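Heads up, the next two complexes both have chain A, just with different partners, chain B and then chain C.
Moving on, here comes the complex of A and B:
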């Protein structure tokens, strides 16, 4: 198509629906090339490098490009690493459930019960604001909350609910779960509230007129319609929790070792090959989780 | 729907939820005014003071608590965030501009870009460190760490610009071209002012994400620490309220960034309106 033809099409078709072909797509390639080169060099190659190096030969202080399965065998033969694999999967599942359970009622209120757009936006903004503070500071902030002399224990004792401070709150798996839930719950609330906000109120009204009680409406109408939001939220939370290591480092007192923590320790002692093995395992888990979640709903159709 | 009962219950729940989100931060803010240098990072407050803020700026008398190494780290983080912001916004605008037309491989390239924000930082950091060590490239915050930051923030800038171009009325550009204005000048004089609010948002995203980024930086920045790395260093040792005071200050800094963004946004929207009115009159 010549440029003149293209311009002719554009003038006939209304602007909003015009196929954007006013110039040939060669210019698109020039515009996109830097991005593609950048992402290939600094994202694709590093990730492939992890896979490659996981088969390298590791000696005490250096790695050689001699292919071997040694590091893989080390990983699967070690109780520590297998335990860490299971801990990672367990914490991921628990946090997935807690973010959903804690986040869904909030999303329900914001997305469905608040019909005032300004209030809706205000509530969502309030949920997002903590994100404008440093991630590490947000993690650290849980220490004075959960400690033996922490705020929660002081408040509970002050109210007379408990006599002795609960020591299990800090430096346990529980503290990691509480911390992660607070940090990642917003990624559940956002997408779910978005989907709930799109539900036509007359749909719910019709169900009520036909005599359905709220739980039935929730189960049969609201939840299925919000499912794409749940899936998107679950993908966000999964990817972030599986790649975590800072929260467990700060709040578990080294008791919880996630795969991410193993990578950090291995890199710290220059065991690149083993770190790469863990990296590959993490990538595989993540790929499986995301692929599995995407099977639940067809996002392209829903969004 | 039993909304008469349910709505208040849910409203109370949301209140508790917000308390859960903000509670730790309130506690952190209160404890940053702990007495120093003996006061620990927990309740009760022995005496209210601004000791830890002075400590942060090196104004407090020397004590057993060593000051946070934030001076140079702050400079590095700001410079890095600035570099990242410019690079990823330029790349974002260019790529989104390219995406306005159809070309082969478009959807593959889309996933390639979005992958940058999905892949966990610890993996990107590890991969970059591996490439650097095996090729003998030195790791620095302004080289390898910079690359990992752009890989992360550029997809955000790209998506923001994509959303902006989706609602973009291209007839104004066509008008400009048909008047014989060169494409480059059209972009500068017509397109760019119209997409400027989007550019601002992309810049805000890129700056704040990079300024706070840490899992990518951990392996890829080499010896010199950025600000989040300096904070991460305190994780392993006993923490003191100076970290809390620092947390309060970075939060204030982030909010002032947000305020600057809001002001610039209002101004640019107002200017766009004024131009529109002038055009309507003419």
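Moving on, here comes the complex of A and C:
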């Protein structure tokens, strides 16, 4: 969701307060029929299918619809899989924090300190410019940046700050975190900047007039009022990071295995049942994360 | 009078006072000086602006504004939209920096002091309540997070006392989105007053309320202010509000002060033709002033007194005019001929609208205590007459 979309929605809402037809007219339900049919066919049924397949019996060469808990036991009995579950959760939490730490001040600048709406939009569009290149190129571009003979090491050595190249930069968890932060921070900036842009400037002036300094105003007025944006941004980042596999594959040198990487490997070797188990576990984690985040704020009140 | 002058006078008076005590001199002058020192301590300006200028590009929003406000005074600031009222208030509060001039609170130069350290209260036109906080937390904000945060039980005590004072007893736990417009206004006021500022700036505080509530809040504002003894500077675009509320009225015209006076002085003796226009109680004619005759496109008129002004104009109050049939007896005085358009009933009075030459609308107010209003025929010509002594001429 871009900020421009969200703003358009907000301006349209008051105009449509008078419905053309009565709200409870049965014919109005036909309007959502295409979406319901599409989502049922391509979302609801596949998810139920994944749950079903996770209980199928998998042998080396074939899979049959005989219900068993074997794949589930394989997953929870394996150190590799459990480790990757914890790695996924750890990287998700770290990236959530880094995107917030990098994204919030940016959003604060764009949404609150830039009062010119045109400039605000221009700056937000600039945040999206990296998305004009393909996802894979954006990820792979970090290799010549972070590598042993990459740009960062060359510059630091050239400046005489370090003598030996830092090898920990690439093919480690750090490089995965750096890559993910860069890719997903914009999803944090957008919703927060949008919420901050809606704060009435006179609220901040009122708080200043009552004697509060900048940090107190930030803590007690600005942050609470931008919290819905933080939650929406966190949901975007969480859902995308939890399902990630490409960044870790490209930047960790196979050292960081997320649940997403396991799904890719299992599907690649046609182990559908185990891939489904991981898929179900990921879906449940995402569901819990989104439900938990939504408890922080009442988003209905903000729309 | 500026602050340093007050201070010096006070110092001199005190010196004389000491002299009088030690040397047992009994001079009538010294007694008078003592009295003067006492009076000045009470009436010393708690706030003054000196030559404040604010420009936006080529536009001068405030042009050398100089005035001072005494302790425990209610001053209203009247001006049409675009006259610089809000800019002036924001400059005083510290949200805008003046290009020239100084802002003093008491004896302290606050011109370069940031807004949150000025201890000047500001009540916003749209209330600017913090939407995520309850009524209580809104009011307590300045005590908790202000320059000098105080203990939580003291916060509680002062906040509850303030809620009682503004008539919000028992509403502390409500959200600020769950209360009425009048209650929001009270929260905004309480939130500012609880921090005990010396000066409170009110930016069209009643503008967002409906008429009925506005009248009630006027009385409330005065009561609360008198109870606390704090100084109010109340900005308004409504002439009736300015006259009703202020001990003194400052009239702002295109970034300059047009008049500072008591309400009845502003009303009866406007200092310029524009002030007369803002009051919305005067028919103002443009024209040429020669000696003791004023020539307007509607005829030559005599006048009672003259006020120096850059441009010539002639003003006669709505209720000083009378309309009569054009063929009736003429008995001197100033007259002009106009066609009747319509009337408007105001309850205690009726305003008749007439149209003079060139489409100029002239209002004639008839107080119903002087008997029922005359019946006029739409489109018919009438003679509007008044005593020249009632008229003011500018120029």
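Keep in mind that, in the parts below, the second predicted complex is superposed on the first by the 272 of 303 C-alpha atoms of A that agree within 3 Å, B and C clash if a C-alpha of one lies under 4 Å from a C-alpha of the other, contacts with A are read in each partner's own complex, and residues count from 1 in each chain.
Everything that follows uses one rule, which is that a contact is a pair of C-beta atoms (placed from the backbone, for glycine too) under 8 Å apart; a residue touches a chain by one contact, two chains touch by 3 or more.
Keep in mind that what you see is a predicted model, and the values were worked out from it rather than measured.
Visitor: If chain A is used to align the two complexes, do chain B and chain C fit next to each other or clash?
Guide: Overlaying the two structures gives chain B and chain C room side by side.
Visitor: After the superposition on A, what does A:127 contact: first (chain B), second (chain C), both or neither?
Guide: In the superposed model, A:127 contacts chain B only, not chain C.
Visitor: Touch check for A:77: first (chain B), second (chain C), both, or neither?
Guide: So A:77 meets neither chain B nor chain C here.
Visitor: Looking at A:208 after the superposition, I want to know if it touches chain B, chain C, both of them or none. Which is it: first, second, both, neither?
Guide: In the superposed model, A:208 contacts both chain B and chain C.
Visitor: Does chain A have more residues touched by chain B or by chain C?
Guide: Comparing touch counts on chain A for chain B and chain C gives B.
Visitor: Looking at the overlay, what does A:291 touch: chain B (first), chain C (second), both, or neither?
Guide: Neither: A:291 stays clear of chain B and chain C.
Visitor: Which partner chains sit in contact with A:161 here, chain B, chain C, both or neither? Use first/second/both/neither.
Guide: A:161 sits against neither chain B nor chain C.
Visitor: Who does A:53 touch here: chain B (first), chain C (second), both, or neither?
Guide: The first partner, chain B, only.
Visitor: In whole Å, how close do chain B and chain C get at the C-alpha level once superposed?
Guide: Taking the overlay as described at the top, chain B lies 7 Å from chain C at its nearest C-alpha.
Visitor: Considering each complex separately, which residues of chain A are in contact with chain B in the first and with chain C in the second?
Guide: Touching chain B and chain C on chain A: residues 208, 213.
Visitor: Quick check: in the complex, which residue numbers of chain B touch chain A?
Guide: 1-3, 6-7, 10-11, 13-14, 17-18, 20-25, 27-28, 31, 41-43, 91, 94-95, 97-103, 109, 112-113, 115-116, 118-124, 126-131, 133-134, 147-148, 150-151, 154, 158, 169-171, 173-174, 177-178, 183, 208, 212, 214-215, 218-219, 228, 231-232, 234-236, 239, 243-244, 246-247, 250-251, 254-255, 257-258
Visitor: Taking the touch rule as given, give the residues of chain C at its contact with chain A in the complex, in rising order.
Guide: Per the stated touch rule, the residues are 93, 95, 114-122, 124, 126, 128, 130-132, 141-142, 145-148, 191-192, 195.
Visitor: For the complex, give me every residue of chain A touching chain C.
Guide: 200, 202-203, 205-213, 216, 220-221, 224-225
Visitor: Show which residues of chain A lie in contact with chain B when the two form their complex.
Guide: 7, 10-11, 15-16, 18-23, 25, 27-32, 34-36, 38-50, 53, 63, 65, 102, 105-106, 108-110, 113, 123, 126-127, 130, 132-138, 140-145, 147, 149-151, 154, 182, 185-186, 204, 208, 213-214, 217, 239-240, 242-243, 245-246, 249-250, 260, 263-264, 267, 272, 275-276, 279, 282-283, 286
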